[in-house]
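Across the two complexes that follow, chain A remains constant while its partner is chain B and subsequently chain C.
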Partner chain A sequence: MDLLNINHLRIEFPSRHGTVVAVDDVSLTVHPGEVLGVVGESGAGKSTIGNAVIGLLEPPGEMTGGHILLKSQQIDTLNPEAKRKIRGRRIGMIFQDPLTSLDPLQTIEQQLVETIDLHLKLGEKKSQERAVDLLRQVGIPDPENRIKNYPHQFSGGMRQRVVIALALCAEPEVIIADEPTTALDVSIQAQILELMRRLCKDKQVGMLIITHDMGVIADITDRVAVMYHGKLVEEGTTEKILGNPDHPYTQSLISAVPRPDIRLRRFPMVNYIEEEGERAKNIDLSTHWLGRVRDYEALEGPLLSLKNLVMTFVTKPALLKRNRMTFNAVDDVSFDIGQGEVFGLVGESGSGKSTVARMVCSLYKPAAGAVNFAGTDLTRIKSENERDFFRRQMQMIFQDPFSSLNGRMRVLDIVAEPIRFHKLASSSREVEQIVMDLLDHVGLGAQAALRFPHEFSGGQRQRISIARALATRPRFLICDEPTSALDVSIQAQILNLLKDLQEELGLTMLFISHDLPVIRQMCDRVGVMKTGKLVEVSATEDLFENPTAAYTRELLDLMPRLDQLSHKGLEVEAG
Partner chain B sequence: MISFIFKRLLQSIVVMLTVALIAFSMFRFVGDPINNMVGQDTSQEEREALTERLGLNDPFIEQFGRFVLHAAEGDFGISYKYREPVSKLIEGRLSATLELSFVSAVLALVIGIPAGVYTALRSKGILSKGIMTLSLIGVSLPTFLIGILLILFFGVVLRWLPTFGRGDVVAIGWWTTGFLTASGLKSLILPSITLALFQMTLIMRLVRAEMLEVLRTDFVKFARARGLPDRAVHFKHALKNTLVPVITITGLQLGSLIAFAIITESVFQWPGMGLLFIQAIADVDIPIMAAYLVMIAFFFVIINMVVDILYYTVDPRLRADSAT
Partner chain C sequence: MADTQTIEKTRLQRFFGSDIWYSFTRHPVAIVSAIVTVVMILAAIFAPYIAPHNPFNLASIDLMDASLPPAWYYDGDPKFLLGTDDQGRDILSTILFGARISLLVGFSSVIFSMVVGIALGLISGYVGGRTDAIIMRIADVQLSFPAILIALLIDGVARGIIPKELHADISIYVLIFAIGISGWVQYARTVRGSTLVEKSKEYVQAARVIGIRPFTILRRHILPNVMGPVMVIATIHLAIAIITEATLSFLGVGVPPTTPSLGTLIRIGNEYLFSGDWWITIFPGITLVVLVLAVNLLGDWMRDALNPKLR
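Up next, the complex of A and B:
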């Protein structure tokens, strides 16, 4: 028997500019013990489906067509009180961000007992026992004691386990998981997905898992539904969708997924995906300002050389030095980056990779060690002028395209600021011309200059960031997770753009990511970091084919298995 | 926890010493204390003898130290005007101001918090729109005007409530209270409403804004998705999280209730410290001004310390032993 039926669901969001159809005629079925994946990019309407099933559509959204059946009982027409009784009892929900899903002021015991007692009416004592039991089931060590803790005393992965325990409190028949592992590291993601799969099979729960991540889809789902602009474009078994998709959108989506197993020259761009920046006007770099011969002295050896870098943070301040608690975020890290090389730095959150980047561009002052850039130790520079000289040669692209641009400045001023500051152009006319050329070159078009950042999507904003970084004519770029906040298709475009620019301008890059497949596509050499230490440095292909360090092997094993993905239309890089 | 309180105590002492320094310097720079104490016909010898007796020839540090030590014992010298120890003058009026402030604070909290919660939950209802409009009046009208209007309406037109003074008071030790007599309680009503109105609207708007913010968070959504009834979501999860910033602001406001009761006390002729202070300014009665300054600073420091500790107990994330 079908567990959950969604028939011809249509959800509309009325707004001042007419009605937006978020979900358009979508039909899905979930069977007991089955994991159905709903995949699509942001704005595809996949989360809206989850919210509609659990009866928590955000106003002004409303269901204007279709119905939702739970074990043949229509649930979308129930009154609010009856809907509430289904929530948690028969349908459980898991959200994306475990850091914000729990009430910070209550112990997890209070939250678990409250929910268990509400649904199962077991009374205080029995509820407590069940809470401990649930925590044990989701793999929290020492549950009898940990249950007294507050959410902030757990790590992200552990908190997601608590969230899952909360969703399981009353043994629901259906679980809706909305991006359950997006905020987690690969190793934690693998554990959580394994846990969810096991619970699903053991308890014959039907699971609807909403994600944009093909790795998650490949890892856990039995069947997949692909959504695009509110419509269901394709549905089938996971093998079929990943290995042999029919619909052009699915094909393009899958071809944009970074491969862990092969290195591509470029990501193929299928026209189906919109927002591909058209390079209306490429600059002729041989004559343009941007390509003008850089006045850097010829250099023997590596451009950047880190020697025994150490960064220490104080975790518990105290007046007396012996009472102070410190921790080495970066511990004795040394590596070189040759000219024109793309060096990848990979590791889980907290491994210190971003801290290294910040020390390289002098945002942090290292506790010990040297940062040699073009033969000069940046940690010993005293004069502001000299520092500016090096800052100009070194630019950074940040992870979050939403907070890294000043919302009150026009794009023109954002991109022009470094040019003006470093006095790289002779007149304001020239500055404007350069900015427009840069915007053209990164695929935004010159007319973007007069608009404000909020008018752009995440991918377009990241292009603005790139244009801004190029505006000092740097020879060294630091990219700190430049695409991890973006959809796959947009990520593919941005990575293509960075690859092209790197080739055209001969840039040297430090590329930081937690995403191994992305690293494989982008980097020449890779360093693997773990808890502040560099555990392995080797050429990218060697690292992926013959990892030496045990931790690297572990990381590689944790990568989602994407080998079933279709290879249709891919250009594999030779050698 | 203990090191936290200790650190706070140290900071408080520094604040108090600074305020004491300012208060002390008033004696030296605002008028000549001897001139303020003696009559026209006092001879030069007598003046010098008095200066010597009062220790005004001693080095600055010594005088300041003496001032601090005396102040710590509650001795602020003798009022120029009343010829009575300042501590005695304040003693009689402290209870009046504290009772007024206390009632106002309770009023502001008891009405402000529920009104804030209500307007946040029913943000589109007619009643909450009405409350919001009224609250704008509360924020924008000056205190003295509200006081005068209340006097006019309830005191003069309706003749329901007394318009000035504390009514009959009962003395318990040095503390005099108006809580125990009917006329005392009646006299409290108008001034405490006047004083509370601004704080009430402020707290209400703060609670409303914070509550709306909290209601949008993931954990509230997750609580709903677990099927918790609205009552539990709103009051158990949302309200408690709302209160963390509210406690801070309320603490600061409570301090200013005591400090800025001056205007209300003047309008209602309330025999409190504020009224004493206003008169002291008119008379350049520096010992009273200095004492008032130090007292108010003391209240602020104490209240803030209590708030910090409260904050600490409400929000487990601030506890130092939380790192696991």
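Up next, the complex of A and C:
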């Protein structure tokens, strides 16, 4: 029998600029003991479906068509009071962020017992027993004592387990999980998904899991529904969708997922989602400004060479030096980057990889060590004017495309700023021409120059960022997690663009990421960082095939397995 | 290309398409208070042209006209719509000229506060460390005294050190300085907070990687992005500054009686209130209340419109 039926659901968000159809004629069914994945990129309407099922649509959104049935009973037309009774009792909910979905002022016990007693009316004693039992089921060690703790006393993964216990406590028939592991580290993600799957099978609960992550889909779901712009484009078993998708959108989505096991020349078929914007004209780099021979000498040996770099942050300031508490964010890091090489730096959050990048481009001053760039130690340069010469050769692309562009400036001025500052063009007409060519070259089109950043999507903003970084004609580019804030298909486009530019312009790159599959696609050599130290440096293929450091092996083991994904249309680069 | 034209909008077109203009057209209170404010400001600016009399031209004042009630009373004179004061000056005209002084002092001191506060706030937030600590502690100390007390203090000191014959000429500047300096703390704190937020954003780091110098980063990148809350504070502060000026003038330490502001008019009229000449103080009083209320309501609306959380 069907557990949850969503029939021809349509949800609209009326706004001042016209009505947005967030969900358009979507029908889904969840059976008992089944995990149904809803996958799609941001703005696809997948979270809206989850909110509609539990009756918590955010205003001004409203259901304008279709109905939702829970065990053949229509629930979308119920009054708010009846809906409230269904929430928690018959439909459990797991949210993305375990930090905010628990009340910080109540102990775990208070929250669990209150919910159990409210829904099951067991009385306090029985509810307590059940709460302890639930915590044991979700794998919290020593539940009798831990239940007295407050949420902040648990780690992120443990807290998500508590949230799952909370969702399960009234024995719901359906669980809606909205990006349940996005806020967690990869190692914890695997455990949580395993737990959710096991509980779902044991208790014959139906689960609707909403995610953007193909790794999650591959790990946990039985069936998958693919959403695109509010519409359901394809539905089928996980094996079928991942291994042999029919719809072109699904195909392009799957081809855009960076693979941990193979290295591609380029990501194919990624133009379905956001038009890449054809380059209006191909620039002849041998004569164009952008390709003009740079006015610095050719060089023997590595372009960048870091020697015993140390960065210290003060964690507890004090007037006297001996009372200060400090910690080394980067501790004795040395590596070289050859000319034209793409060097990857990988590590978990807090490993110090971004700090290294910021020292290289002089945002931070190292506590010790040397940054040798083209034979000059940048840490010894005293005057700002002298430093400008090196700044021009070295540019950076940042992580968050929404904060890396000044919203009060036109794109023209944003991209022109480095050109004007370094006086790289002789007239304002020339500056404008260069900016337009740059925008064209990164696939935005010259007309973008007159607009403001807020008129662009995340991927387009990242292209603007790249255009700005190229505007000084650098020979060295630092990319600090350039795609981690982007959807997977946009990520594929941006990575393609970076690859193309790197080849065309012969750029040297320092590519920072926490995402090993992305590193594999982009880098020639990789350094692995852990708590400020460099634990391993080797060629990319060696690192993935024969890791030497124990920590690297650990990281590689935690990568989501994506073996079942279709290889259709992929062009594997020969090692 | 037709495409280019649709993209390239003038500043005015963008303003009328913006959310803030949309919000404005939906708020009757905001519209009414904006109209009232603009009308009062225009009336004050053009006072010499629209006032029926010139209250400062001693030749046109006749003591025989002293203390006439408003025109609709049986012994009123149609020449003096709102009556006259004890020296025979037309109340309507003195209000128009008085509002001129009030608004001049109000706007000038707000601009003074803004410049000082924004500059110190930007420096404090961007430089940080010891500089930040010193500026913010000074702000804390000043904040522990009421603004009016500081204004009184500065005014008093100025009276002490400036020779008497000079005083009448520069007293208005002293007043602007006194009110302005008593209000910079709010701006500095707000701007410092916003600067701390903006400073950590990646566009500022991008500018630093390019090599842009701190002063240019502050002026070109951070300043435009911290101006939103500053405009809200400035609007509400304008109302406060006008009230402060009126209070000081009412206490007799503000502008000299030869160039009366609304506060001075209220004080003069206050002495005649018990002798039945209520119009001398009530009409300037109403003007002050309406002006301050309109500006305040405008500021309230702006605060709500610019705060995405309340929208």
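A few notes on this one:
Everything below uses one rule, namely that the second predicted complex is superposed on the first by the 485 of 575 C-alpha atoms of A that agree within 3 Å, B and C clash if a C-alpha of one lies under 4 Å from a C-alpha of the other, contacts with A are read in each partner's own complex, and residues count from 1 in each chain.
By our rule, contacts are C-beta pairs under 8 Å (C-beta built on N, C-alpha and C of every residue); 3 or more make two chains touch, one makes a residue touch a chain.
Computed from a prediction, not measured in an experiment: that's the story for all the values here.
In the superposition on chain A, A:A167 contacts chain B only, with no contact to chain C. Applying the stated contact rule after C-alpha superposition, one finds that A:N149 touches chain B and leaves chain C untouched.
Once chain A of one complex is fitted onto chain A of the other, the partner contacts of A:F421 are limited to chain C, with no touch recorded for chain B. By the touch criterion defined above, A:Q460 lies against neither chain B nor chain C after alignment on the C-alpha atoms of chain A. When both complexes are overlaid on chain A, the residue A:Q502 reaches neither chain B nor chain C. Once the two complexes are laid over each other on the shared chain, residue contacts for A:S538 go to neither chain B nor chain C. Residue overlap on chain A between its contacts with chain B in one complex and with chain C in the other: absent.
Those residues of chain C that touch chain A in the complex are listed here as 1, 3-4, 7-8, 22, 201-203, 205-213, 220-221, 224-225.
Residue ranges of chain A in contact with chain B, taken from their complex: 54, 56, 84-89, 92-93, 95-97, 100-106, 114-115, 118-119, 149-150, 152-153, 163, 166-167, 169-170, 315-316. Taken together, the chain A residues at the contact with chain C in this complex read 16, 358, 361-363, 384, 387-388, 391-392, 394-396, 398-400, 403-409, 417-418, 421-422, 447, 450-451, 465, 468, 472. On chain B, the positions that touch chain A within their shared complex are 217-219, 221-229, 232, 236-237, 240-241, 244, 314-317, 320, 322-324.
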